[in-house]
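In the two complexes that follow, chain A is the common piece, with chain B as its partner first and chain C second.
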Partner chain A sequence: MSQWGFYFDPDKCIGCHACSQACTVRNDIDEGDVTWRRVEHVGEGTFPDYEEISISMGCYHCAEPECRDVCPTHALEKRAEDGIVTIEQDRCIGCNYCSYACPYGAIQFGEDGLAQKCHGCLGSGAGDGHGSPPREESETARETPACVDNCVTGALDSGPINELLRGASTAAAEEFRSDDSGPAVVLEPATGTEGVSGDDG
Partner chain B sequence: MMDSPDGLVWLTQQEYGWYIAAYLFFSGLAGGAYVTGFAADVLRVRSTDPAVDRPMYSITRWGTVLALGAVGAGMVFLLVFHLGAPVRALLFPILFVNVGSWLVIGTWIIVLFSAVATLQGLWVVWHENPAGRAAFPRVVTSRIENRFDVPVDSWLARVASRTHPGPRRRLLCSGVGSALALSMIAYTGFKLGDVSATVPLWDGTLLPALFLASALSIGLAATVGVTVLFDGVEGTNVTAFSVADDVVILGEIAVLALFLTTLASGGPGAVSAFGLLTEEYGLVFWGGVVTVGLALPLAISVGLIALERRVDVHASDRLRRLVRGTYTLKFGFVVLGGVALRYLIIAAAYNAPLST
Partner chain C sequence: MDEDERSKVRRRTFLKGAAGALSVAAAGCVDRDSGAVAHAEAAHETAYNNCWICRASCGQEVTLEDGTAVDLTGVDGHPKASAGPGAEGTLCSKGLAQLDKTYNPNRITRPYIREDGELRSAEWDEAIAYAAERLESFREEHGPEKLLRYQGYPIGGEFHDLLFRDLYGAPIQVGRKTTCHGPFSDSWEWMAGYGREWPDWRNSEYMIAWGRNPMECFRGQWEPKGIMETIEENDATLVCIDPRYTKTAEVADRWIPIEPRTDGALALAMGHVIIEEGLHDEEFIEEWTYGFDAYREAVADKTPEWAAGITDVDAETIREVAIGFAEAAPRAVAFPFTGLSFQGNGFKNCQNVHALNGLVGNIDRKGGTRHWRAGFSLTDPFEERGIDVPANHEGRPTPDYDDYPYQRHIRDLSHNAVPTAVERGDIRGFVNNWSAPLKSGNSEAWADALEAMDLVITVDAFWSGVSRRADVVFPGASTLEQPFLATGGDSAYSESGWVTASDALIEPVGDCRTDYEIYSALATELGWGEYFPWEDAVEFYDEQLSGIGRSFEDIAERSYEIVADVKYEQWREHGFDTETGKFQFDLDVVDGYAALAEETDVSTAPEWHPPDDDLYGETTDEEYPLLLTDGFVQQLSRGHCQALDDAREEYLDRFGFRYEGYDGNLLHINPSDADPRGIETGDRVRVESPDGHVELVAHVYEGVRPGWLFAVSGFGAYSLAPDEAGANMMTMNTERHVEPVSGQVDRNLPVEVSRVGGETA
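This part shows the complex of A and B:
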């Protein structure tokens, strides 16, 4: 299996929320607080030594997803084809246990009370993607997820993890390889550089 | 704390609402009440004093009836208020395939407990002609039978009579039910504790112990409390049960102290949970859990024991009423403390922050 995942560089992120908006539109999410992808603004220190970075967060399609492990019905599946974690909503009982198991707050519940989250744009709505062919063969999948497509600074990328690692810094690659059960995201270390640096580090 | 710029990603609070706190409370109450009823059953069988028989059996009936009522109430909160697809959840024998999930383990424990408790309820209420107000379900079925000419009472009595396995086997069956009751209480703690990596408040070791102590305490308090309230204190061994509750409360205080110490000395998420419990929700915690649920019942108990040592509380109606009312008040406080504890365990459950 070639794990599909995300790449994120906080130094490039300007916190514009284009990724989360694109995700919301693409997946027709209009249910109040439900956001599959969101941007967290994280501050540190006090004025004048204050720094803030923005982090685009969603489901990271973990290698060993806790959400899948606690789900009573196996509604959550780690796909063998591409490592994307999908939800079979027809099996979900809406117990919310998975949302507490996920450290990233990725799993959310809409008005129908069923679990929904990012499926890497395998489809275009809650529960889509389950049972679909591998990402590169799927006719319903976008070539790149809407969040990546709409990122104006290149802070966010996606694809097979090996390809993402090739384009990442040594530090980010080493950090990713240090945890083989964790999230499928190659995360560049934040250096505190404000705004877009244009430097891949 | 989570509002200060500390370089950590604090996620927004999650989905469990007050109805899950209610579910946790009622399942704990059900387990504790059933175990109390079983303890009274054992005391009755082992006692050679015939005066003990009726009040102990009354406690057993109250314990069983309360357990069934509470487990039913818990299911209402879970199925009606909480689950997104409750009808689908009723297909659990087919759909619940992840046997390693605490939710699946817990479901089967609840189902088995409910089955055993229902049988016990049938036997202790509809077998023979039980006396005492704990047999009120029998009064209800008798009235239905008389008023609407539906032979529900006769039918239940016949089923109870045909299935009754005899006193010893019934007690053995009740022992199995008690083991299931204890498992049901513990499972709620283990279920939450299984995700303690995400929610530091739900300590995987201490939360089950805290739930166990609290559930036994509130179950005993509720069962003996309603017995005292409706059937009086005579022959109920209320003092012994009250002291037993005090011992459980002391154990709960020890676990709670360890729980708080662990939180206060943990990572940022645990420290934040400690702050939420003791400061933001300080009124409910110090006022509800500690003062009403733990300290006041112990203080009342000390006062009652001192009174019972000095005077014969059965000497006058006035004294008897005073003691009955005070015990009821004490047990009521214990139950209220249990409600406050479950509310806080859900309300203060925030995610551990992520580092950047």
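This part shows the complex of A and C:
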């Protein structure tokens, strides 16, 4: 299996929410409280030694997804072909176990009471991604997930993890390898604004 | 369809159904040009268009499904939507939210006319006939000079001006310079002969975003992309001067949260350092500038230590930034915008910042400021057809407002002077195109003025304080629904002029019509049909493009085309377009400004003007100890975004309020101001000024300067936000809140804040 995943560089992220809005439009999410991707703005420090970082978050399609493990009806699947975690909504009973288990808040429930989340824009339009064909090793532009496709500054990327690792910094690649049983996301370390230490909190 | 499938029917299906139902409702009363909609028939295709959510005209690629727009992204290589040749195009979050505007269930989709004091829907023919009759009787009773023009987001702006200015003869409009950027653009025009210079970000090595937030508010995606690229590839430095920790501050090397309204003092001290260090561009100053001696004298005693006491920026920081900026020059830029132009002392603050660019000789040079031009001209379709358009507005009597000093030299009427003009009987009517004046200045007086006017006509998409007060409301089409053409100008292509165009991609929703259709129908009814001989705007744009050997279809099919070369240092060929032909540090040669300066006893050269409770803005005191400014964030534009659920939710989500059941704007307040007042995040608070009060919800955090409050504009009374949620700070703005040189609305208000109890949810 070639694990497909995301890459994120917080230093490049300008916290603009184009990723989350693109996700909402492409996947036709029309319930205000439901967001498959969201941007968190984390502030630290006291004025004037204050700084923020912006983090774009969605489902990380974990290597060993806890959501899948707790699902009593086996509605969640870790796909063998590309490692994308999908939800078979016909099997979902709306018990919420998966959302309790997910450390990232990736799983949402709409008015229909069924679990939904990022499926890496498998296919296009609404749907839970279940049963969609596997991703190609190299993706064409239109197959790129909406969030990546519309990232203004190239802070977000997606693709086979091995390809993402090749384009990442050594620090990011090493951090990923030390945790390669977890989320399928290659994260660049964040650096701060001059004169502001992130350690001081 | 089984039960499960039915439960999955989501927005797209609803929208399709809703649009279809509206179209059926309109059938028979609309004579639409079906030829303009080239792509409506086939399912699942993509086509190019231009985003007009903030007027930046970013090229966008739209996915259509059975004639309904369902997805969007930017056009690769587009001058506005990308970082340049071969680069990926994107849209910002508010651009991506625009389908929520086009298909919004609250959108005005039929014409309305006022009958017996009430607005009622009308057929197009009836609405056009009604508007024409009202315009004719207005002209007979008052004369066309008493009709005020106002344009915000016009797609067919030239047709609006043709009808109301040239033909009807209304000479006066409210200029954007008095609601947005007057102190910035007037000062630059007088100094450098060019109205709105804009940075050549992509090639810059030292960028000072000064009261300017280019990561969030921009004239296209090329700005944030260009800045990030030059930071990465050229190791460029970005400095953010702003009392608010914006996303520009987040990516900047240095955030300088200056004491608000002291920018002019900081700029003078930087000039002092640059001259002291011998880092100014002597050759440029000698050959291409005027008034340097006056400038040198003005900064001679303005040491960093002097400025530190005023600006709360330490002297060492001032030195470092000044030297960094000057050493990187000419690939350096100090660029002010609304943060400074919203200030009562904004003119001098902007003049002082602009002077830094002259001092280091970065004007219209690679990586400096840029005097952007298209470098080509479009054909005049009227001339082509031998149509002699009258100038019926010329020679009309216009009010002489000697008691408003800025009105002696600004071209248009200041926004905040309009209510008085109505009171004096100089303005009796108003034609508006996609603008929202009730959130641009003295809102309460404006609302009363609209009520007092004899005739108000507006083209718009949502019910606002203006459209609710109108006598005629025409439902305008969005760029997805009508042809579009733009040329430029500032973009990712530093040395090129370009054209971008797009055709309508979808049928206008409901009974909406294109700008050309609206204005040509009204002109025909008024007897001026001969001046609108084109079948539609496509034909008009086609004739415009013929002069550069292109057709509208050519450009629309490929979204954009690079047309001309535009060199740097254009002043070498023609000089600066100023009185002296040079860059002017000293404005003593600009008659209008010199007269004003003499009257107000100020220098025509750069100078420090603190807020003074007289001319240059109001100061805080014991009763109103906090300074409030409103402005913008990335997720919402100045236009219609407050009406869009998606855009509003992204804005509220940014500050942790998506799930709080609140649709309004937030008051950002530092804990050191909130704590003594017992205010916590989520509390409803009352903001009180000497001129009124508003209520909204507090967001307490360290990202705003103590003593200073920030709120996003465009909410509250008269706005498009659901139930007018939140607060319109401009309800506390009055006629006297005006920058005295440009007539620009001063958006800095001394206030007090208190907790009123109750929480958001």
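We take it that the second predicted complex is superposed on the first by the 182 of 201 C-alpha atoms of A that agree within 3 Å, B and C clash if a C-alpha of one lies under 4 Å from a C-alpha of the other, contacts with A are read in each partner's own complex, and residues count from 1 in each chain.
We take it that a residue touches a chain if its C-beta (ideal position, glycine included) is under 8 Å from a C-beta of that chain, and two chains touch if they have at least 3 such contacts.
The structure presented is a predicted model; accordingly, all values stated were derived computationally and were not measured.
Student: With the two structures overlaid on chain A, would chain B and chain C clash, or do they fit side by side?
Tutor: fit
Student: So, A:A190: does it touch chain B (first), chain C (second), both, or neither?
Tutor: In the superposition, A:A190 contacts chain B only.
Student: Which of the two partners, first being chain B and second being chain C, lies in contact with A:T86: first, second, both, or neither?
Tutor: neither
Student: According to the stated criteria, A:S158 is in contact with first (chain B), second (chain C), both, or neither; which is it?
Tutor: neither
Student: Using the superposition on chain A described above, determine whether A:Y104 touches chain B (first), chain C (second), both, or neither.
Tutor: Once the two structures are laid over each other on A, A:Y104 reaches chain B alone.
Student: Touch test for A:D112: chain B only (first), chain C only (second), both, or neither?
Tutor: So A:D112 meets both chain B and chain C here.
Student: Classify the contacts of A:T46 with the two partner chains as first (chain B alone), second (chain C alone), both, or neither.
Tutor: So A:T46 meets both chain B and chain C here.
Student: Under the stated touch criterion, which partner chain does A:I55 make contact with: chain B (first), chain C (second), both, or neither?
Tutor: first
Student: After superposing the two complexes on chain A, what is the shortest C-alpha distance between chain B and chain C, in Å?
Tutor: Minimum over all C-alpha pairs: 8 Å.
Student: Just to be sure I follow: which residues of chain A are touched by chain B in one complex and then by chain C in the other one?
Tutor: 33, 43, 45-46, 50, 52-53, 112
Student: What residues of chain C sit close enough to touch chain A in their complex?
Tutor: Result: residues 4, 7-8, 10-12, 14, 70-74, 90-94, 96-97, 99, 215-216, 221, 224-225, 228, 245, 247, 249-255, 257, 634-635, 645-647, 649-650, 653-655, 658-659, 670, 672, 701-706 of chain C touch chain A.
Student: Please give the residue numbers of chain B that touch chain A in the complex, ascending.
Tutor: Residues in contact with chain A: 5-9, 11-12, 14-16, 82-86, 88-89, 92, 95-98, 100-104, 107, 191-192, 194-195, 197-199, 349, 351-352, 354, 356.
Student: Which positions of chain A touch chain B when the two form their complex?
Tutor: 10, 33, 40, 42-46, 50, 52-53, 55, 57, 66, 69-74, 91-97, 99-105, 109, 112-115, 190
Student: Which bits of chain A are touching chain C when the two form their complex?
Tutor: Residue positions touching the partner: 11-12, 14-18, 20-22, 24-26, 28-30, 32-33, 35, 38-39, 41, 43, 45-48, 50-54, 89-90, 112, 124-126, 146, 149-154, 193-195.
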